[in-house]
Structures are given as structure tokens and as C-alpha cells.
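Below you'll find a set of structures to go through.
You will see two complexes here that share subunit A, one where it goes with subunit B and one where it goes with subunit C.
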Partner chain A sequence: MSTAFPMNNKGLLRPLNLRQRTILLIILMSLLVITILTSSLYMDSELLSTNFGSKNLAPSLEHPFGTDWMGRDMLARTLAGLGLSIMVGIFASTISTLISVFLGLFSSMGKTADSIVSWLVDLFLSIPHLLLIILVSIGLGGGATGVIIGVGLTHWAGLTRVVRAEIKQIKTQDYIHISRNFGKSYVWVARKHILPHLIPKFMLGTILIFPHAILHEASVTFLGFGLSPHEPAIGIILSESMKYLSAGYWWLALFPGLSLLIVVLAVDILGENLGKLMDPKKAHE
Partner chain B sequence: MKAESKKLAIFTTKKILKLICLMAVVSIASLWLVDQSPIDPVSIYIGAMSITPEQKAILEEYWGVNTPAHEKYLNWLGNVLKGDLGDSLIYRMPVSDVIKERFTASLALMASAWLLSGVLGFVLGIVAGMKNGTWVDKIIKTYCYILLATPTFWLALVMMLVFSVHLGWFPVGLGVPIGVAAEEVTVLDRLKHLILPAIALGLLGVAPIAMFTREKLIEVMSSDYVLFAKARGEKGFGLVLRHGVRNVALPAITLQFLGFSELFGGALLVEQVFSYPGLGRAAVEAGIRSDVPLLLGIVLISTLFVFVGNLIADIIYQFVDPRIRQQEMEA
Partner chain C sequence: MKKLLDLLLIFVVMIGTVSVLGCVDVSGKAKSIDTVASDGLIAAVGTHLGEPQDGFNPITGWGYDHEPLIQSTLFKRDSNAVVINDLATGYTISEDGLTWTVDIRDDVKFHDGVPLTARDVAFTFNTAANAATVVDMTMLEKATAIDDNTIEFKLFEPRSIFIHRLVEMGIVPEHSYTGAYGQNPIGSGPYIFKQWDKGQQLILEANPEYYGQEPYFKKLTILFITGDTAFAAAKAGKVDIAEIPSSLADKNVNGMRIVSLDSISARGISFPFEPNTGKKTPHGHPLGNDVTSDIAIRKALNIGIDRQVLVDGPLNGHGQPEFSGVDKLPWGSREAIFEDGNIDEARRILSQAGWVDTDGDGIREKNGVKAEFTLLYPASAQERQALALSISEQAKKMGISIKPEGGSWNKINALAPSTPVIWGWGKLDSSDLYFRYHSESYDPANWNNVIKYNNSKVDQYIEIAMTSSDQDMANENWQLAAWDGQTGFSQNGDAAWMWLATVNCVYLVNEDLDIGTPLIQPFGSDILGNVVEWERI
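Our next item is the complex of A and B:
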């Protein structure tokens, strides 16, 4: 994704310049994500308890997202689910990035290593992601571990590809040749000369993998291979809501999914804008 | 001409070797993963029934619980090489039959969604690229960003909610009407059940292709030959059609073929929401109930599907694009 997010040139943000607007967007989006995460972590568990006196209520001021067939407040469930999604997303995208750091640096160590890495990338891109996550999840017996590892194992290929191309370019630099001629080992060169160049790429990569990771987690959970049905995950909420669609309880499906969309969008915007700060060349496109 | 046919021979051999290697790795890895699983297929099958130990032993043999993984793989491989994918444990019919039936249904869904997303995405991309920087461009870009962040299954759910439940325009799911004999199902019935899932799946594929087309078009429109064309007095849509679209079409089509993997993943979800009897639903069933032969069959067929997509993209890239052919001739 090399395009910049469409910027709002009119209205409230008008007096600020591009840099200020970028920073403002980053702060706002981080605040949104952090607020959701903390509110789900420190949520009063009372809010998730069942209350059969208030079953299937349509959205109102008291229950902005409505209630489900057990009288649970959907806003609380959605927040808890988003928190879970964000946690899974953080773990999974960190795993993905670590894999691509390792494989990327490994690919810098000679021709054979490079072709092994490119073969692995091709291999992982040739099975539909979702099917692979399902397989890994089955292999690990489902649950949070299954999803985190499944999602983590499938999202490194894109970043590794980018990093590999970058490394090829870095390797043509003179200082690398000189280091090699002075007898420094591949590992030393990778650690001291190549890794520092790539750190911003990896940080940004993690943030950009994150939205995909959350979406895939929700999808796999929705299909029944992810988080257990007792957790208030978004995938679970939506798959449960399917039973009540014909009854006309639209709020069960609409709001949780919309909230997930907003979180994903927020992280996307966050990543794009951080990218602009880190790589000023891109900001002028 | 000779160089051409030699290149073709090398290309074909490489691809065939790659496919064999890929299939072997994928099948070993999937079987190993499923075998690792702590989930016991027999207890899922039994559910709440009470059975005697003897019956349990028979079931365990049926599901192959006690056979070691490498033995299972060799058995399976031997049969596959003879062209037999084994029998599905849950549908109790040959895996190849299940896949044939389900894949046809899925293919109809995926093909229509693929065409829809390709055409719509390309048109949107061209419009956005032409109007680069205007509000039309901004609306299309924002729309694409939102689409990229939308969970597939949620969009499908919302569409079902709106068009099937509230407006009642389309049936609420399944591939054919309920309570109608298989012979009496008309093409129209099938179409009616196909439209909504295909639109849901197609809409999601719009974003990548539109963004890509837009970027490519902007790149082309800032090239020297477009500047020259403008100097000659060409303008507006004619200019874009003659110099832009022709240059952007091939890469866009290539990208669309490279998207088979995402398409299959999306189909899996959309089929689940609409209870559409395709391969995706069979995959989910097979996964949940540990039907190893069927799951392996589906993994292989989907890998082949993605491989074919990549292969077509490669062929377009290497053999169809005259510029790349030209470059290699000169080199």
C-alpha cells in the first residue's frame, strides 16, 4: 500500500499543516485503540452477566447496542470482544514480524539461504490463508493459542518479501563489501549493517499486519475454529447472531461488526500516518 | 521462433516440478497438522450417545485414530497416485465425488464474484485515476479503504439482513429451495440463490483492484507519451481509453488472477453465512468433524486452484505482454 490515506483538507483541520494533521491523526487513533483495550481489560464482569428480564431489547439509551437473547448488554460484549481481538492481533502480528526479521536476515546470508527463503514465501502464498489458519488451529486444538499461532504463521510472507527486496538493495552498498572483505561474518554484517536499516520497516510492518490479523482472527473464530464459544469474541458474537437474523434482531450483527470495522480502519490509518512520518518521501505523493 | 519454444519448454518443466513439490509439501504438512490435533474425532462423532467399548473400537478403526501418521500418509499417497482420493468419512462417498459436486457450486460463485469485482474495480480505478485529486477520487478511495477494513462475513451478514430478511428480495440461504426435488430445481432457482453471495464476495474484491488500477493509471498518465498525446490535442476520455486503459489492463488482469487465494478464503466465509453448499462449507464441516481424507482433498484442490491463478498470471506476464517479450528478445 503506497497510497496515502485521503486527507481532509477542509473543515476543522484546515489551519494545521500536513505534519500536524498526521500527528493529530496518530494520537487520535492510538487513543481510540488504547481506550477500547483498557476498557475491555478493566471491565466490570457484572456487565457481561445474563439478565433474562431484559432479553432481546432493541438499541436504546440504556443499551446503545441492544441486548441479546440472554439479556446481556451488547455494548459490553462488543467491547470485550474487541479487546480480545486486539490482544490476539498484537501477539499474532508480533510473531509474524519476528518470523520475517529472522527470515529476512537469513536471506542476506548467501544465495542458498536466499532461495530457501523465497521458496518458503512462495509456499505460504500458495495455500489460501484462511485454510492454512484453520489447519494450524486444528493442529493445535483450537483456542487462543491455535488462532494466534495460526494467524502469526500466515502473515509474514508479504513483509518478508518487501524486506528481502530491501536487503538486496542494501547489500550492494560499499560498506557491506568492505566489511565482508575485512573478514566480518555474515551474521555480524546482518546484525550491525542490515538490521538497523530495517527497524522502521519492521515496526511499520507490524502495525500494517495487525488489521489483517484481527480480521483473520474474527473470520476463523466465526467459522468455529478459533476462540472458544464461551469467550465474547466478535467472531462468536456474529456467528451466534446468525441464528437470530430471521427473527429480525438486526442489532446483534450490525453493531459488533461495525465496531470491528472501525478498529481495523483506525489501525490502518495509524499505520499509514506513522509511515508518512517515518518515510517522508512517501508523504509527498 | 526456436528461442520461443525453448523458453516455453523450460517454463513448463519448471512449473510442473514446482507443482509436484508444492503438492507433496502441502499434503505432508496438512496431514501432520491434523494428526497432531488433540481433538478426538471419535468423541465428536459419538457426541452424547452411549456406546460399548467394542463399538468404540470399530469407530476408532473407521476414523483411523490408532494408525501412525507416516503409515496413513503412505497409504493415502499410494491411493492418490492411483487416482483415488479416498472416501469422505462424514458424507460416506468418494472424496472426488464430494469435491466435484461442491467445487462446481463454488466455482459458479467464485467466477461471478471474480468477474464482478474485476469489472467494477477496474472501472472505479480508472475513474478515480482520471479524476485524481478531485472529490470523485476521494470518495472512491475512502470507499476502498473502508472495504479493505470490512470483515467479509459481516458484510455478507448485513446484506442478508437487508435484502433477504427485511426486503425479502432473495432467499435466506442455501443453494436451492428447500423441499424441492433435485430434478425440479430450475436454473432460475439456482441463480436466485447465487446472486446475493456473489455480490457480497464480489464487492470485497473491488478494493485491491481499484486501488491498483488507480495508481497504475496515474503513473501512466504522467508519462512522456501521454504528455505528447496531450500536446497533439488528445484529451478527456479518449486519451485515457487509447493510452491509459490499454496499458493498465494487463497488469490489472494479472493482479486479479493473483487474487485467487483471497477469493477462496472469502468464498469459505460467504458460503458459511449463506449456507451455500460449496467447497468452503465442506471444508468447514470436514475441519470441525476431522474428516481427514476430505480435508486433504480440499486442501489439495484449493492449492491447485491458487496455483492455476498464479500460473495464468505468469503466462500473461511472460508470454502475452509484448513489451516484456520484446525486452527479453533484446537481452
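Our next item is the complex of A and C:
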């Protein structure tokens, strides 16, 4: 992504320097995501109800994304679905971060702790992601909660591995050895010397898990797990649209699919640019 | 991350391409049927509830609610549901109703050339009675061949509904019947089994020795595709007839016409009849529902829901309002039909019974119980999803909150004794009513009397109807079970279920195909039931 912003200034954002552009992008992307989230949270449920008088309408000013086979407005459904996706994303990245903070610091506390953590990480990485999500969400009785927790509980492994590697490197530093020699406990060292170094990594990791989580949520609901087929979720909308492609209702797939792409891209750009601010060395790569 | 984005881009481009292709009209090529021999027929009709898991074996259920094509049956029904002879030439019932004697024709041969005799018929029925299958043969004690052309059926009890079993059961050959019969069936019906590509198609060829009307189509290919896939095949001109969802029935396809057949395939909601007292079913699932066990809720919904709205909207106009689940059948009661869509009356019933909205959230309460329940529908059934949503929206106006929820059949099996479900029923068989409303038929694992309905008067009428050997008397008692002036399972009485609508069978049919007078369409359809009459014109 960083190659998209070469040092020589050109294009729309010419008058701004790299830092200004970065901040501007962060603000724009956050606004977009927050707008989608709030509009889905405060949406009038009437907008999602059926209206059999206006079935299968192509996009128009009244229904910018068209309507589906029950006359439901696709813009409202897409927004509601994206809202769910973003909620899943937020929840999954928060859970994943908490788990990886805990496991990462735990792994710094000695050889046995470290092997336990790396064994856990290997275990979770060896099971296909999607399968694990489906298993967990069915185990929790399905529904939106099942999907959210399922996605949340399966994305921490990668981040934990990164954090563990970082910790291994930090642990070779002199000040760690000195602290230990002064008789400070593992917990004290982990809290005072290791955690502060890890904060930028966690922030970034959290944001980068986000698009993964959203895409997984879309895949799981696309496959028909978790939510009822009448509920708005991007995966459900896309899988339903497949049934109407032969009838020529292209808008059912195109706009929701594009919207999903835009949200994922937005979060990704957000993460990249935050990374530049927090880890200035990376900005010049 | 770069890889992720690339993947995403590919995904979107794919969706885009498919969408654009989707709107290109390929129906200009619809006349490519001429690649098919004119005496061959290709049908994408989802065939009779789909591909049979156990093969085309009548004993495991093939053909039990539709024409088996490969086998022949003792009796069949004409397009008015009147029972007519097929293999049989007539039947008599003894005075006590325990012995049925059926005479059969002597000129029938199986596809392998061996004559079909009374022994094959007796063998078929005895085997079916011993094998516990979907075909209910519990009333049959023994079938015996008296001579080559006469079979005697001994019943445990008199049963008027035994005639339905004689209509349903395809006759299999005693000399070549094995466990693998369904994979390579031999029968005596109008079509000979040629080939079964599992998951894809069934190929049949006309039986030159057939004793009935000679079929015009010499080769019959049945594709196991449904829904939008069948629609796409029809649009591409690859099939002569395709069963399509009614939601796609508005699209014009070149060279094809829409045929929308009335059916007796009804959709209805089961209301668990007992309150939830913590009891469990034999399988350990919760039993009863505190909201639907109140007759006021059931009556209010029955009266308040506008069934015409359900037909016009969710069913896209392809259906008819339904009030008792058997409105159109000889055993359906006219008394069970009533004026619906009366929201004021529904509100009055609810208020009178003590269901009042006290906390102003738009949902009524009574003794601290909110008038709300979950309404389950099978996630795979599109029309039931739409019905559930529409009912939920209508019920809101009465102050009842219904939360639709799609689920797998596993989930529905577990929840049905405690949660209302949208079901699909519709057989030309009055014993359906026994399995739905008789208290002793209660068996939630098999969906029998899943609501645990219990009304001794209704039980009595059903028993008389079941055991009488006179069909008219049986029908009269089936009707009394719905409403006898004082009680019954229909809206006037206990309002045990809420019936919504019958769902038409909708087909895209090639313009040069004449499908004669179709039979009555049961649940799962029986479009090929009269295929011997079909012609290309």
C-alpha cells in the first residue's frame, strides 16, 4: 500500500505533505466506517420490512441499490449487513488483541510458558479458519452471537505469533537482564519493560485483523451458517443474489459486493496509515 | 495484506462479470430444442420431492404420493381425484370391513417379460408391511394371493383409508426383488428404467408392452435440478419443462409459457397446544408454549391474518387462501372456511381474553406473559420464509410479536413441540388428518400431531372415519372432526393450526408441448402423473 504514495507529490492531495495526507486519510476512512455503523444501528426497522408492491426493482433514485424479491430496499439491507460485519470486526479484533496480549506476555515468563503458547498457536493455525468458525458458531447455538464469538475466537493466533517473536527479541535487551538480576519478577518485567514496546504492534494488529474478520463473517453467512436467511448480512445477501442472476437481477449482487469491498479497503487503508504514524520507520519503506 | 486485497478484487470482478452476464438475454437461443429428438422429453421438474435417496423402490417410498412411472399400482386417480382402476379390475370389501378382495388384469408383464400375478402384489404389500417405511401399512395383517388374478387383504381393523394404500403402492416383482432393487428397478409401468446418474438425471424409455395408453414420448429424461438452476436451463432452451419458484414467474422466457397449476399443497402453522409446564417430549425436547396454548391467540391470528395478502405478496399470486389444510379435498369441511383479514375482530378477541398492551410497547401482555413467539421456517424453503415475514408484519398490527427464524430440519425437529413452525402438507390421503389431529397419533419425532392436540370429540369422529368401510360416511366424519356445530379442530372450534394458503406448482413449459389435463398436484407436485398423455404439437 505504501507504494501508492510516492515521495514526489502529485495527484489530488498535492498541496499536502505525507503526514497531512496520512491524517486526512485516517479521518476520512474512520468517518466512513463510523457512518455505516451508526446508520445501521439507528436504522428504522420499517426500512427492512417487505413491500410486495415493489418487487425486483432496478436501482433508481428511490431505491439506489434496487429492491429484492420481497420488495425490501437493498440499500437498507446492505447497510444493516455492513453494520453487522463491522460489529463482528470490532468484536473479533478486540477479543483477538486481548488474547494475544495475554498469551504474548505469558510466553515471556519462561521456557514452559513459551512452549505452551507456541503449541496453542500451532494448534489453532493448523485447523482451517473457516471450519473452526463454523464449528464454534454451531457449538454456541448459531445465531448472530455464535458468528461473532466464532470469528472472535479464531483470529488471535497470527497476532500472538507476531507478538511472541517481538517479545523474544525484546528479551535479549540488556535492561531486561539487569531488571531480572535486580530481582524483579517476571510479571513486573512483562508489565514495565515489554508491554510498552508492544502497544504499537497491538494497535496495528487489531486494525489489520478487522478486514479478515469481516471477510470471514461474510463467508460464513454466505455458506448459510449462523443467521436466518431473511436477516440482513452481507454473506446472506450475496448468496441470495446468486439465485436471481439467471433472472438478470444484477443489482442484488453488485452493490452489496462493492460495498463490502469498500468497507474492507477503507479499514485496510486506515490500518496502513495509522501504522505510518505509530511506526515512522515503516512510512519510508 | 496485498494478497487479501487481490483476492477481494478477483471476487468483485467475478461478481461483476456474473451480474453482467446475468442480464444479457440468452433466451434468443431458446429454439435449440431441436437437438433433442422430438419424441424425447427433457424435464427439470424437481421430480416429486427430489431424487429418492434409496432409489426407485416403492417399498422405501418411491411414488407413494405421485405416479411411480416405472411401476404400476392397483388403482390410480384421475384428474378429479376419483379412484380408477390401474392393474385392478375391481374390488370388494367384506361386511365386517376386515377383508378387501382385489381382482387384477391378466395381461400385464414386467419389463423383463415375466407376467405380473397376484403373488407379486401380495409379496409387495407383505414386504412393505414388514419394512417400517414412510408408507404406513400398520393396518395390514396379511395379503394373500387366492389365485393368479385375485388378492385378499386381511386388515387388523376396518380401515376406510386402506384404499389410499392401494393407490400409492407400486408393485414390485417377487422373482427379482432384492435389497438393491431401487438401484435397478423393474416394474410394469409405462416407462422402463434405463439409467440413473446420481445427483444428475434419470433416463426412462417407453414400455412397448404397456397395457395402458401408449406414451407419445419414447424417452424421458428427468433432470434433478430445481429453482433458479431449472429456470436457467429453461432460459437456455435446454429443457422442455422446468419447475420454477413463483418468485421467478414474472420473467418472460422466449419459446416457453408459464403454467401455474392449483395444488392441494398447503402451508400452515402449528400452534403448540399445551402450555409450557417444563414437560419434555420422549426425545427430551421442551414441550408446550405459553402463548400459543391460549385459544384467543390462535383464534385472533386465524381471523386477523389476511390470506389473500399472503397469496398476492409472498406467493406472487400463485396460490389460493387455505383455511383447514384440506379445503379442496372430499374430506375437507365447508364449515371450516371463514371470513379472514378481520383485524378489529382479532383485537376484540385478544382484549376480551385479557391480552392488553399495558406497557405501551405495542405488544400485548397477559399475566406477565408477552404475546410473542418465534416462528420457525425451513431455511431452504423460500416461499415459507416470505410467508413468515409477511405474517410477522401482519401480526404486529394486532399486538402480537412474531419473530421469524430460519432453521435446519434438525433444529425444527427439536423445537417444533414448543415453537410454531410453518409446515407444508398436502396428500390425496385422508389419513393425514389422523396424523395431525388425533391425540393418540402424537409422535413428534415423525411430526405426527406435533402440537399435542387433544380433543376427545375430534378423536371420536376421526376413529369413525378411519374405521368405516363406506367412503361417503368416512368423508362425512372427517368433516365433522373439523366442525360439528360445537367443537372441532378448525377455526370455529379449537383453531389448532393456522392454515395459510395452497401453493401453486409453477412451470415453464415449451410452447410446443401439450401437457393434457394434469392430475391434482399434491405436496411435492405430480406433474409427470399424466405424462403418457403429453404430446409435442
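The definition used in the following text is that the second predicted complex is superposed on the first by the 274 of 285 C-alpha atoms of A that agree within 3 Å, B and C clash if a C-alpha of one lies under 4 Å from a C-alpha of the other, contacts with A are read in each partner's own complex, and residues count from 1 in each chain.
Definition applied: contacts are C-beta pairs under 8 Å (C-beta built on N, C-alpha and C of every residue); 3 or more make two chains touch, one makes a residue touch a chain.
Here the structure is a predicted model, which means the values were calculated and not measured.
Residue contacts after overlaying the shared chain place A:A253 against subunit B and subunit C alike.
In the superposed model, A:Y244 makes contact with subunit C only, not with subunit B.
Using the contact criterion defined above for the overlaid structures, shared-chain residue A:L208 touches subunit C, although it does not reach subunit B. Of the two partner chains placed by the overlay, subunit B and subunit C both lie in contact with A:L261. Applying the stated contact rule after C-alpha superposition, one finds that A:S228 touches subunit C and leaves subunit B untouched. In the superposed pair of complexes, A:L24 makes contact with neither subunit B nor subunit C.
Look at A:V136: by the touch rule set out above, it reaches subunit B but stays clear of subunit C. Taken together, the two structures place residues 1, 142, 211, 215, 224, 238, 242, 245-246, 248, 250, 253-254, 257-258, 261, 264-265, 268 of subunit A in contact with subunit B in one case and with subunit C in the other.
Subunit A contributes residues 1-3, 5-6, 123, 125-131, 134-136, 138-142, 211, 215, 218-219, 222-225, 234, 238, 241-242, 245-246, 248, 250, 253-254, 257-258, 260-261, 264-265, 268 to its touches with subunit B in the complex.
Across the complex, subunit B meets subunit A through its residues 22, 25-26, 29-30, 32-34, 36-39, 138, 141-142, 145-146, 148-154, 157-158, 160-161, 165-166, 172, 211, 214-215, 261-262, 264-265, 268-269, 272-273, 283-284, 287-288, 290, 295, 298-299, 302-303, 306-307, 310.
Per the touch definition, subunit A reaches subunit C in the complex via residues 1, 49-50, 52, 55-56, 69-70, 142, 208, 211-212, 215, 224, 228-230, 238, 242-251, 253-254, 257-258, 261, 264-265, 268, 272. Interface residues of subunit C facing subunit A in the complex, by the touch rule stated above, are 1-2, 4-5, 8-9, 11-12, 15-16, 18-23, 25, 227-229, 231-232, 235, 247-248, 250-251, 312-314, 316, 379, 385-386, 388-390, 393, 404-407, 411.
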